[in-house]
Amino acid sequence: MYKQNYLSKISYKKEIVPGIFDMRVVCKEIAQQAKPGQFLNIKCCEGLTAILRRPISICDIDTKNQEIRFIFQVKGNGTKLLALKKVGDNIDILGPLGNGYYINDQYTNPLLVGGGIGVFPLLMLIKSISSQNSTVYLGFKNKEMVVLEKDFHKVCSNLQIATDDGSYGHKGYVTQLMEKKLQKDPVDIVYACGPEPMLRLVNNTCKKYNIPCQISLEQRMGCGIGACLVCACKIKTTQDWEYKHVCKDGPVFWGNEVIFDD
Amino acid sequence: MYKQNYLSKISYKKEIVPGIFDMRVVCKEIAQQAKPGQFLNIKCCEGLTAILRRPISICDIDTKNQEIRFIFQVKGNGTKLLALKKVGDNIDILGPLGNGYYINDQYTNPLLVGGGIGVFPLLMLIKSISSQNSTVYLGFKNKEMVVLEKDFHKVCSNLQIATDDGSYGHKGYVTQLMEKKLQKDPVDIVYACGPEPMLRLVNNTCKKYNIPCQISLEQRMGCGIGACLVCACKIKTTQDWEYKHVCKDGPVFWGNEVIFDD
Amino acid sequence: MTEINMKINIAGVEWNNPVVTASGTFGFGREYGEYIDLNKLGAICVKGLTLAPRQGNQPPRIAETPAGILNSVGLQNPGVKYFVEHEIPFLKKYTSKIIANISGNTVEEYCSMAELLSDSDVDLIEMNISCPNIKEGGVAFGTNARTVNSITREVKKHCKKALMVKLSPNVTDIKEIAKAAEDGGADALSLINTLLGMVIDINTRRPILANNVGGLSGPAIKPVAVRMVWQVASVVNIPIIGMGGIMTGEDAVEFLLAGASAVAVGTANLIDPTACMKVLEGLENYMYRNNIKDIKEIIGKVEIN
Amino acid sequence: MTEINMKINIAGVEWNNPVVTASGTFGFGREYGEYIDLNKLGAICVKGLTLAPRQGNQPPRIAETPAGILNSVGLQNPGVKYFVEHEIPFLKKYTSKIIANISGNTVEEYCSMAELLSDSDVDLIEMNISCPNIKEGGVAFGTNARTVNSITREVKKHCKKALMVKLSPNVTDIKEIAKAAEDGGADALSLINTLLGMVIDINTRRPILANNVGGLSGPAIKPVAVRMVWQVASVVNIPIIGMGGIMTGEDAVEFLLAGASAVAVGTANLIDPTACMKVLEGLENYMYRNNIKDIKEIIGKVEIN
């Protein structure tokens, strides 16, 4: 059978912190296939106003109710329109897309590091990891922007929050928590998602401690399926580097493959 | 004070015959000023999908409830989107625009002739005419497309319907009813609105019987207020002709001013 | 709030702010004067004028396109003399600067119009050599660097006002055309005029416009317009009025960053009669938000990657 | 329902229907093959190829614009040899015709590619002399009638397949360019490639594309594309593949009426992976509704006002 895009009905919608919306849609096919770290390419409106789809990570799946959950921040035209949709409305979704995180039961001490809108895909990830030793560090701008704390807490006892201004949890960057942990505790893989500066730091820190890490990249997209080649990212080759594509070859890459340009 | 466009709330919406919607919106300012034959320039959607406003005649005004009523047929992109709006939604309306019908109590035997979507503005017109001797002829494609019969009946006892296929009322064109009447009864003005072929016939017939007539023209519009000059129509001058503009100089013109191109 | 300075100077003429109406979308200001305070505009550029009155093209003269419109008005106007006698007195009541937009079939016509207007109260003359909607002259002058140069040179001789040349986007190399106009003595440039386009009604199988083709304007053309303004700004030293699809203050900022000293609002007026005011307010808001005190601080300030 | 004939013939190659993918929006077919039956396409035109592999431009390579997109992929591709060896075998499994799209920095490169492809299983070669996203060659060849003529003539000598020339819309006179290509021996023409555009992020004050400028495609450009197809159809006798903003069957009909013998779907694929199928179905529906038995009955059948 051929893959397709799905008109999925919104079953839940809530503005969880100012400008960030928690949305759930019913879609059997996507709910059945989705893996942590994969994303959806969402048409935010009909018509011409925001013509491209918007890539949004899958945050969680409720297989019983065939629900997919995603959380998005309102930034520009498209997300603004998506936020106007109501429960009961249909949205056109393409997915699940991309390669998710590499999960392996041999990793007994995984560390998950998320920053800002990068925390969302980590929820499904932590739920999919069997190890009871997992640690999760989530970073936010300030107390007001902290989201999903309860959701993570339910599935992970080693959860720490950091805020840039210290208004909640650890004061400072989430990578500081991470470095401290790597200094003293055994960690056999780091999974990260967040803004590029954070990912660079995660990557360098993991390199320093010689720990494998998987990071989820962002890039502006067109098709989302690997055909239009717009979402390029620099990936090392044996000789040099080449442009791979975030949508198809990623969004999750091994940290040591990725080259961040200055 | 400056004129402006108004965000008006839809208070009523009904598909009265397939593809034709009766819509009412609340707008004090427009309801207070509107005259029969004037029109609204309506933004059918936000965003870029149907970027221009659509000209739609004012069908009726409820001054008490400050409601404007208009009826439109779904044709292309814009009207399709307008038809998707729901009661409670706001629509951006510019109006009332243009010059309405010339009403004068000295006309004791007015005849109103409407065809298709041209019947809508005649409702407000007949309600505004004081004469008890008014006659209204309305033409439709077939029985299924007959609209507003009851509304007209309430305010006019001399109402006749014609359908092209004879499935209801008189079989044939409304202009045949008109010619029959002009042959035998006194009529001191004809008010017409409808498709161009009908208006031509009305015009020629009135000329033949030497009766003044006022006809409402259609043309594709931009601004709706006389500035962009796109909605040209040929109007006689003492010497020759000139292009006037349907939105500002019309939409209602004296029949003997108008030149219909072949 | 801090005071911000919106004043700009175009070829010796000071405007209160950089927002001007695009020719042909604002009539002679009368109609929109009922919707907005005309004093609040930087300048008013009026409907394109010709030496003799013109009836313009047959209707339909407008068609909707994705995020744009096609028009083929064909310069319907009462002629430059009528304008001087009947429209300038009305416009003079406002503080906004007055820009006359002129089109001709021959170089001589352009020169005569420039002369007539030189003795009038207009502040700037915009020479339209890019109208796609008339058969003769017009765009033919604007698509060849040599003719652009020579017509500018000629008209300049007859023109006592600042002369602005309006460029057509329907060209291979806008930079070459812009330089030709500057070299010919243009005091300012305005761009872009409309892109030539066509819409066919698939039911009647005929073009919607009676003139078959028309000029494409509106948001659809904005990226082309921004690119051209940026290209031209990089090769000329005279001020540029940027236009093409400006609907909001943000759009206006894009043109200013690209190198325009002022921005014209066209198609947006047709959709929202208060569009010029919204663009102005949006522009001011951007300045407040970003703590910019003088509009001149952002002109041409795009940082190239 | 009556039988309808959708078959067309482009330069001796018979297609099952007139719907083809626009180069660069469909990869080498593999990804979309998971969403649609590739056998149902008239032809598949693959990602633009160069002689040597290319990495393409730095990201971001895409920006959204009103009813359109800008792209600056810059011809990322594995090179023509890799294509012949690894992609053609995959494409040959389908009945759709195969079109190779080639770009070069020099005339010699174009000729070498044409030679390499002449011995392959491609059905048509599309010579792209209109890519706005590479510094060398590309669009430079396509914006001058003389060079269009001579490059076509040269490449033709090395080309055993039908040669189609893809025209740039960034020109003053598309008719002149089209005639030059026909005169040079082109067997078909395709148009339009993208319009050069720019989008500036007003917060960072930088162009969104790392390459600063990119090619505008999508619905926004449709009226320009239809106009150009119509203009070109009126001056050449070779078949035209029309493209630019086609999203629906109705859009396709507009291009066919304007004079295109086939239609390419580009940007629409990025938005809806089944877009080509929807265009095909829409086209068929139009034919049923209007009782048209053969697609050829509508090609070029616009009635001019």
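Letters A, B, C and D mark the chains as written, and numbering starts fresh at 1 in each.
Just so it is clear, a contact is a pair of C-beta atoms (placed from the backbone, for glycine too) under 8 Å apart; a residue touches a chain by one contact, two chains touch by 3 or more.
Here the structure is a predicted model, which is why all the values come from computation and not from measurement.
Asker: Give me the set of chains touching chain A intersected with the set touching chain B.
Answerer: Common contact partners of chain A and chain B, which must touch each of the two, are absent.
Asker: Which other chains touch chain C while also touching chain D?
Answerer: none
Asker: So, comparing C-alpha centroids, which chain is the farthest one from chain D?
Answerer: Computed centres place B farthest from chain D.
Asker: Looking at contacts between chains, which pair has the highest count of C-beta pairs?
Answerer: C-D
Asker: I'd like the Å distance between the centres of chain B and chain D, where a centre is the mean of that chain's Cα atoms.
Answerer: Here the centre of chain D sits 46 Å away from the centre of chain B.
Asker: Quick one: chain B and chain C, Cα centre-to-centre, how many Å?
Answerer: Roughly 36 Å separates the two chain centres.
Asker: Specify, in ascending order, the residues of chain D that touch 2 or more different other chains.
Answerer: 63, 66-68, 218-219
Asker: Going by the touch rule set out above, which residues of chain B reach two or more other chains?
Answerer: 48
Asker: Have a look at which chains touch which and call the overall pattern line, ring, star, complete or other.
Answerer: ring
Asker: Spell out all pairs of chains that touch, sorted by label.
Answerer: Those chain pairs which touch are A-B, A-D, B-C, C-D.
Asker: Spell out the residues on chain C that touch chain D in their complex, using ranges where they run on.
Answerer: That would be residues 65-68, 70, 143-144, 170-173, 195-200, 202, 204-207, 209-213, 216, 218-224, 226-227, 230, 245, 250, 253-254, 257-258, 286, 298, 301-305 of chain C.
Asker: Which bits of chain A are touching chain B when the two form their complex?
Answerer: Of all residues in chain A, those touching chain B are 45-49, 81.
Asker: Which of the residues in chain C end up touching chain B in this complex?
Answerer: 24-27, 31-32, 34-37, 47, 55-64, 66-69, 71, 73, 76, 208, 218-219, 269-274
Asker: Touching chain D in the complex: which residues of chain A?
Answerer: The touching residues are 2-5, 43, 48, 50-53, 77-78, 94, 219-223, 225-233, 242-243, 248, 261.
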